[in-house]
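Letters A, B and C mark the chains in the order given here, with residues in each chain numbered from 1 onward.
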Amino acid sequence: MIADHIMFTGVNVLLAWSVYVILLSGSVSFANGAFMAIGGYGAGVLTTKFGLPLVAGIPIAALGTAAFGMIIGLPALRTRGIYLILVTTGIAFCVKNAIEAIPYVGGVRGMRGLVGAEPWHVWVVAGVVGLLLWLLSRTPLQRILDAVREDELVARSLGINTVYVKVIAFGTGAALAAVAGGLYAHYMYVINPEHFGILVSVYVVLYVILGGVNNLWGPPLGAAVMTLLPELIRGLQAWRPIVFGVVIVILLLVRPEGLLPFRSPTARAKEARRG
Amino acid sequence: MLAEQIVNGLVLGSMYALIALGYTLVFGVLDKLNFAHGDIFMFGGFVGVSVLALGAPLWAGAVAAFVACGVLGLLVELVSFRKFRSHDAQVTAALSSLACSIILIDATQKVWGTEPVALTLATAIRTASITVEGLRVAWVNIGILALTLLLMAALYVLIVRTRMGRNIRAVADSAVAAELLGIDVTRVTQQTFFLASGLAGLAGVMLAVRTGFVTTELGLTFGIKALAVMAIGGMGDLRGAVVGGLLAGLVEAMATQLGLGKFGDMAVWLLMILVLLVRPAGLFGGLRKETRA
Amino acid sequence: MAETVLGFDGVSKRFGGIHALSALSFEVRAGEILGVIGPNGAGKSVMINVASGVYAADEGRIVHRGRDITRLNAHQRGRAGIARTFQNIRLFKRMTVLENVLVADKTHTVRPFGSLLSFGRRREEIAAALAELDRMRLADKADQLAGTLAYGDARRLEIARALAGKPSVLFLDEPAAGMNERETEELLADIRACRSRLDAIVVVEHDMALLRVLSDRLVAMNYGQLLAEGTPDIVLAHPEVVSAYLGTQDG
């Protein structure tokens, strides 16, 4: 049981970061559950049908998912706001329906025999991702992403190829979600399309908004709190969705910027004078 | 057989249209998505079934669902939309209403359980049919078609002819201008939510009567498809919702006819993605502010 | 005669049936401050949007330093050296003043992912950005959020940001709008101070008095068409310009 909590919290932290990476460039993705599914199923096929080890299967699946994400992202990212929410929601539904229709991966009954992932694997990956995001937050790239998110038109006028930036961010987020999916699948032993329904995508976006999108610590905090909170309070498990929903509604009303709303500037004036 | 499927498609489509009208009304007035709408539709089915279980007549179940869902819509407006008026808050409002829908699903399960709940209505009513030129049509289907047509006509008259409709159109056009003209925007928003949610509630009862049961999954499996329908027709466009709904119903029925049931679902979403990419304003809508350069 | 830096050659832009620009031709010469005047709706802002690639021209050519840039999109024009400000000041409000300038650094805007490997240049970049801010008298506000700036400061930050990309031509869209007399005076001085760092500056305004003192040459527009081009005295005395102004506004 404890192992489950550690595992699922780690997976959700990774997923939250996968949404965060896309949000960095200003796009909201409701398709990360689908990317997770592609990663999970892709890695599953590679390990069970081709006998690849997990350490090879997951990166390959992640690269494939990134490519898929970028190919659909190229047209999809021309839309914004509500339109993009709808498009990514549509993608999530299509991917799930498509998987259900593929007998090779077990259709609605799912796929079995996926083993090899341990909770600590997820946390090692999460640690690495966190470190990379922290390094990113101190580079000019972070500023460029912020600019694209704040005002695309101005960003373009400064010479930033916003489409390119957004597509790469989308692909990176897709790859991260795929890694989370691959690890999740190989911990679960059995996966089926229901594990990656639209609600998974929705929940993850909610974790991120709840934690705050202005810094890299908000999303994992939101994910950890919302995964563990109902488990920590005895008797609350049965009420999990309601607690979850009520907490979201209230937090959005009182803290629309999330639990950790601050944003650290990527540079300060005094840095130029130091040393 | 084909004719039967066409009738099926039209009946299905008219229910999609009824729900899509709600999505599109709210989008028109607020420029925001109400993600709770699909589950308000689901809830309407449960209210209808429960009222009928008490032995009340069909019309009473429909009225109860309309009112209960209308009130629920007001509640959603209050917690998820009232505070998030600005254009920047589009995503926040959408997520907040999503949270409402999570609460609504779980609350419904707490009251009625997770298993499908059967409708208590004389089987005779549900299966009665007439045969016209060799085509057997259930009275239920005729009733649903007739009622949705009636509701759409009523909605049209309401929007075009009445003072309330004029106000709704004014706010949809420009909330700021409407406010300057002395229109109470909050009130108009509430009226829109009540109306949109009530219609979804009625659609819920119709579906329950047609299929004979309700489940809490209906919002996610059936209701949310109306979201795609709305986008296909043109967000904020009433004609678009109706035509898009009928189109989606027919496409699904044809997919079933051809033995591609699974792909009928997907077709609606694929079509929506295509429409949003190629013609973001939908089949009918003129270009809205947001989609312009 | 000075060399042409940017040329509009018969440029047209239509929205639906409306001709926002019709066969507009004029040139921006090296070293000059070119004023563009015209009543509201004359197509001045559309001209900037077409020049900076926000809208694609329907007809005609735009040539920058001998290179046809008509088909380039917005970010390619930015890279080519066309910079601009916006009529309704558009800063990155949730970023600091310093970051607003830093983000325009061409090395990073052109190769955003290359910037992942640029830890070493950090200090020089910040120093350069601070110097840019200093020129616009904003250095002491460097760590403030851009969204908290007063109106005049915000205007100048927008100019500083545009200059940080070391552009060739800078378009200013009604820079003095909403400013009082003293602020306008200061702004004129700031604009003059930066002219030596650019090939040319184009200032769009409908305040004739301001353009008369600021610009070397003027272009007058109405209904998307060129009315007159030349020195301020000649253009402002042009009968069509006079009637366009007298007919539509009194300022």
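The rule is short, and it goes like this: a residue touches a chain if its C-beta (ideal position, glycine included) is under 8 Å from a C-beta of that chain, and two chains touch if they have at least 3 such contacts.
Values in this document were obtained by computation on a predicted structure and should not be read as measured data.
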Item to check | Pairwise touch network: line, ring, star, complete, or other | outcome: line
Checklist entry - So which chain is the furthest away from subunit A, centre to centre on CA atoms? => result C
Item to check | Intercentroid distance (Cα basis), subunit C paired with subunit A, Å | outcome: 40
Next on the checklist: Suppose each chain is reduced to the average of its Cα coordinates; what separation in Å results between subunit A and subunit B?
Outcome noted: 30
Item to check | For subunit B paired with subunit C, centre-to-centre distance based on mean C-alpha positions, whole Å | outcome: 49
Item to check | Multi-chain contact sites of subunit B, meaning residues that touch two or more partners | outcome: none
Checklist entry - Among the residues of subunit C, which are close enough to touch at least two other chains? => result 54
Checklist entry - Which residues, counting only subunit B, touch subunit A once they are in their complex? => result 27, 31-33, 79-80, 83-84, 89-92, 94-96, 98-103, 105-107, 110, 220, 224, 227-228, 231, 235, 262-263, 265-266, 269-270, 272-273, 276-277, 280, 290-291
Next on the checklist: For a test of understanding, state which residues of subunit A touch subunit C in their complex under the given definition.
Outcome noted: 136, 139-141, 143-144, 146-147, 150-151, 153-162, 164-165, 168, 214, 263, 265-269, 271-272, 274-275
Next on the checklist: For a test of understanding, state which residues of subunit A touch subunit B in their complex under the given definition.
Outcome noted: 28, 75-76, 78-83, 85-87, 89-91, 93-94, 97-98, 100-101, 197-199, 202, 205-206, 209, 239-242, 244-246, 248-249, 252-253, 256
Item to check | Complex contacts: residues of subunit C adjacent to subunit A | outcome: 52-54, 73-79, 83-84, 86, 90, 92-96, 98-99, 102-106, 108-110, 112-113, 115-116, 118-119, 122-123, 125-127, 130, 139, 142-143, 161, 165
